[in-house]
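Note that the chains take the letters A, B and C in the order they are written out, and that residue 1 is the start of every chain.
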Amino acid sequence: MLRLLGGRLAEAAFTLSLLSFATFLLIGLMPGDPIDLAIASDPRLSAEDAARLRALHGLDRPLLSRYLAWAAGVLEGRFGFSRLYAKPVAEVLSDALVASLALLLPATILSAVIGIALGVLAARKPRSGLDYAVNLVAFAGVSLPSFWLGILLIILFAVTLGWLPAGGPPDEPTLASWLRHLALPMVTLTVLGLAAYARQTRAAMLEALAEPWIRTAYAKGAPERAVVLRHAFPNAAVPIVTVAALDFATLVSGALVTEAVFAWPGMGKTIYDAILGNDYNLALLALLLSAAVTLAASLIADLAQLAIDPRVRT
Amino acid sequence: MSGRAWQRFLGHRAAVASAVLLALIGLAAIGAPLADRALGHDPFAPDLLNRYAPPSPAHPLGTDELGRDLLLRLLWGARVSLAVGLAAALVSALIGTCVGLAAAWFGGIVDSLLMRLADGLIALPSLPLLIVLAAVDPARLGLPRGALWFDLARIIVIIALFGWVKVARLARASALSILRRDYARAAVALGASGGRVLWRHVAPNLAAHVTVASTQTVGAVILLESVLSFLGLGIQPPTPSWGNMLAGAQELVFAAPMAAVWPGLLIFATVVATNFIGDGLADALDPRAELRRA
Amino acid sequence: MRRPLAAGLVAVALAAGSAEAQHRDTLTIGITQFPSTFHPSIENMAAKSYILGLARRPVTTYDADWALTCMLCVRLPTIENGDAVPETAPNGNLGIRVTYRLREDAIWGDGTPVTADDIVFAWEAGREPLTGIGPAELYRSLHRITVIDQRTFTLHFDKLTFAYNAINDLNPLPARLERPSWREDARAYRTRTLYDRETANPGLWNGPYRITAIQTGASVTLERNPAWKGPAPAFRRIVVRTIENTTALEAALLAGQIDMIAGELGLALDQALALEKRAAARFRFHFQPGLVYEHIDLNLDMPALADLRVRRALLAAIDRQQIVDRLFEGRQKVARSFVNPLDWMADETLPAQGFDLALARRLLDEAGWTPGPDGIRRNAAGERLSFELMTTAGNRSRELVQQVLQGMWRQAGVEIRIRNEPPRVFFGETVSRRRFQGMALFAWISSPENIPRTILHSSEIPTEARNWSGQNYTGFRNAEMDALLEAIPLELDREKRRPMWRRVQEIYMSEVPVLPLFFRSDAHIWPRWLDGVRPTGHLAPSTLWVEQWRVTH
């Protein structure tokens, strides 16, 4: 166990440093550094001003030396200053992370619970009407463009019915305000997410239910509920847990479209703005943070696997 | 696919319906120039006097924000969206298969490295990286900027960069299980080259699974293209694609909803169809499907 | 189990929503951007300027009638009233010294008065290269400040132009609060300024409101500034919400989450026009013509475009009026030149090129471009008359205009290849380094009587040697134009400038280095109970006069 942990941590560190360098390079390949943009937008910026500002922001040094300077700073805990938000990067990211988690945790839990339940129900009677219905719902969830669903929900609930706000973070720090503002983006994410859970669960349960010991359990007279829940489900749980962990991790950065439509100031949107705004410090750290979350999630998934399924240990 | 597998596939009603639907859409897409001639419009020429016209005999689905026929643009958009979807899925499948087979055949350190790379890629947040890759300025790498073929190729390449992993895993698992069987070992012992073994024994089995995985990738790619267009990084107008038609119509969604409903509907239908087909194929090719009937 | 809970939540939500609508002491404004910094002098951003208009006043500004006016000063210093006196500058040029007197009631939110020292500090910080405050031209030509008393100071400039008394960009900064951190480390000032570290500090704001809370990327909350001595503003609280997606912004307006949408950074014009058809009962729509000049820069280095006949033909081949009528319901004005018709020096008597397809075809024939088999013209060498038309990706209005223009030019036998790039690429590299192959469609926003020196003077063509600064992207070189651009700023008499401006417009319209398209209108959307908002149409935001906004019933 400890060896596994140690090995994975080492791998994670290696992956993260490689990722940081690759991203630094890629962002460097993106056109228009901030000074170029400043020149284009402000007619009074002269050639000398441009050179001065470049030197000030350190943009006239070669890529590798800038990367090493940045890396050295990070290792010492200096995460730098976000040019876009005029705040230290750590502050921006912690705010964004909290906002993302507030949205993602309930959404993931809901979509997992509903999705798994649907998947189990569908697997009990394959090829039945219920199975097709669940399949359809699951497919629908996976096939809708997320921004489209978001906008449809806004039109229905915010504009036509006027029940819920059209987006944005809560106005007051009250529970009612939070719930009202979370409702629509959460529904969007849940609908999109439960499909994956439903399908995975259905597939995994079908496999588990096809195992010979299930027939044995039935032959022994066990009630169907017990068979499904106590014999089949734990075996199916392993791939489901993997899906859950990865799903949550990708949502951290991948919910960006939903965040954009609902103006929710989360990680996804922060990463997107940082990348396109050429805010090196913020973009790099945000990406590394979400990669770290993903790596941590997959580690947790593996550990959970170990805990649930003794066979995997060998 | 064997006869019995076919039969099982045909028994999956939804999959069959989906296959028919996709075939229809595909044919319509290919026949887009013919449709132009049939309706008598140029889908690329703006007609400012006719913006957002409701459906009529001349324009079966109405017109878009520049007076261009919506039905024709959907067909031309189908070409781009389907082409990107198919190409990206194909390229992912190719790369994934090669990598998976290499890992299975060579084993040892090659296997280890490749699988680490695959794991590493899955661990990364894909959407932000796709954004970074889509926003990179090709001129800095000496590549041409702005040619349509290049935009298409770029989307296909960056999607394939992440898409190959799933196929590689599948290919590797499948290849490993076959290579461990006695007949394969015997073939190797008898002096058959790696290529021959892979081709004659592994590939047929592999093809089925890879096809299943790829069908689902097509749908995912079409969705991804629409997201990239929404973010302004996908196919640029005036080339229509379902994704950019959808993204472009969202601003006036209250005033002219149908211009947005149709591309969204088509994306939805195509992705659902690919998923059903994938499911049908998976069921058809699953050897244990026999057991459930019993 | 879940259903009753959901119903309960919905009931709570409904109740809370209706309660909010009764109070009119809060105004919620929707905009499409969030400022990257709140420091008045760092980085030019429309969102920042809009929000800051509520909370701090500049010394001078242009108002809604496009006239220069005092905000913090008592009266505009002019040569006529003696507050401004020409003098010789240390560099030998003719300069001027201008004396301002700050109003007695100009007070920072913590009760301390706005003094000359605040101006001096702003100047010191701006002048110091390490601080990194952008355009240094103002701070350079202002070579000395003499403080006469707490409220009176004299600025010494080393050049004399007709805009000698407009110091719109010299923002007073609270020296008491900001100077210590600047003195300590000028380089780090940008990261340590209280404007970003402690934006809710009352001492930073001297306007009718002060910023009291910020949710980064989402909203800014402002409350009445108790220290403000001017007319009391109508609202106790103003919340400015940022919603970048314009569809969601529109939905938020219709849902009642925001009360109004700022025209300066709001919906696209055709979106607003469509909304007007549906929601005119609830909202008032005001389309303010402005100084945003949409145009197409032509790269004059390209051989085909170097020929004047081709340029004139390109202009004659497009029906701009039809575009404005069809796409924008006539709410935007076709541009004759870069000079806005609302600007005093606009000369409507000069002949402008309208839509004339026959003329376009004739000119192209004369220039040696004859139609080929596919309708596209070719010259004697067999080259096609084909250009790239580029603009910012994601801007729907521009993309629509591009596609319409493409169709129109095709009628004349010109092939247009559309290629768009995200604004960063477009402005940061393609346009600023003159890499566009033919045409670049974008907009300039300027101030009243703005001298287009950086756009038209031959010394402002961006080159690598000049670090790519300068905005003469077309590469226009005209000696007479250069001379005029140098002479106009120095001419103090407005009537004497008139013929010079006329000549500038004449050259611009006959040489056609740029295809003028139209002047954009901003779409302001106000609730029917709000009155008194006066948009200016130029860079000064309507929020600078927020104390005149009133609730009507």
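Criterion: a contact is a pair of C-beta atoms (placed from the backbone, for glycine too) under 8 Å apart; a residue touches a chain by one contact, two chains touch by 3 or more.
Since we're looking at a predicted model, the values are computed, not measured.
Chemist: So which chains count as neighbours of both chain A and chain B?
Modeler: C
Chemist: Return the chain whose centre of C-alpha atoms lies at maximal distance from the corresponding centre of chain B.
Modeler: For chain B, the chain whose C-alpha mean is farthest off is C.
Chemist: So using the touch definition from the top, which pair is joined by more C-beta contacts, B-C or A-C?
Modeler: Ranking B-C and A-C by C-beta contacts puts A-C first.
Chemist: Determine the centre-to-centre distance between chain A and chain B, using the mean Cα coordinates as centres, and give it in whole Å.
Modeler: Roughly 23 Å, centre to centre.
Chemist: Between chain B and chain C, what is the gap in Å from one C-alpha centre to the other?
Modeler: 44
Chemist: CA centre of chain A versus CA centre of chain C: separation in Å?
Modeler: 38
Chemist: Which residues belonging to chain A are in contact with no fewer than two other chains?
Modeler: Residues 30-31, 151, 155, 159, 260, 276 of chain A each touch two or more of the other chains.
Chemist: Mind pulling the residue numbers of chain C that touch at least two other chains?
Modeler: 247, 254, 422, 425, 429
Chemist: What are the residues of chain B that contact at least two other chains?
Modeler: Each of 135, 137, 250, 253-254 in chain B touches at least two other chains.
Chemist: Can you tell me which positions in chain B touch chain C when the two form their complex?
Modeler: Contacts found on chain B: 44-46, 48-49, 51, 65-66, 135, 137, 145-146, 232-233, 236-238, 248, 250-256.
Chemist: Quick one: which bits of chain C touch chain A in the complex? Just the residue numbers, please.
Modeler: Chain C residues touching chain A: 9-10, 12-14, 16-17, 36-39, 43-44, 129-130, 132, 134-138, 187, 190-191, 196-197, 215-219, 239, 241-245, 247-248, 251-252, 254-257, 422, 424-425, 427-432, 454-455, 466-471.
Chemist: If we count contacts the way the header does, which residues on chain B are in touch with chain A in the complex?
Modeler: Contacts found on chain B: 14, 116, 119-120, 122-129, 131-133, 135-137, 139-141, 219, 223, 226-227, 230-231, 243, 246-247, 250, 253-254, 260, 264, 267-268, 271-272, 275-276, 279, 288, 291-292.
Chemist: Quick one: which bits of chain A touch chain B in the complex? Just the residue numbers, please.
Modeler: It comes out as residues 11, 15, 18-19, 23, 26-27, 29-31, 126, 132, 135-136, 139-140, 142-148, 151, 155, 159, 206-207, 210, 246, 249-250, 252-254, 256-257, 260, 268, 271-272, 275-276, 286-287, 290-291, 294-295, 298.
Chemist: Quick check on the complex: what are the chain A residues that touch chain C?
Modeler: It is residues 30-33, 36-53, 56-57, 81, 83-88, 92, 95, 151, 154-155, 158-159, 162-169, 171, 176-177, 179-180, 183, 260-263, 265, 269-270, 273, 276-278 of chain A that touch chain C.
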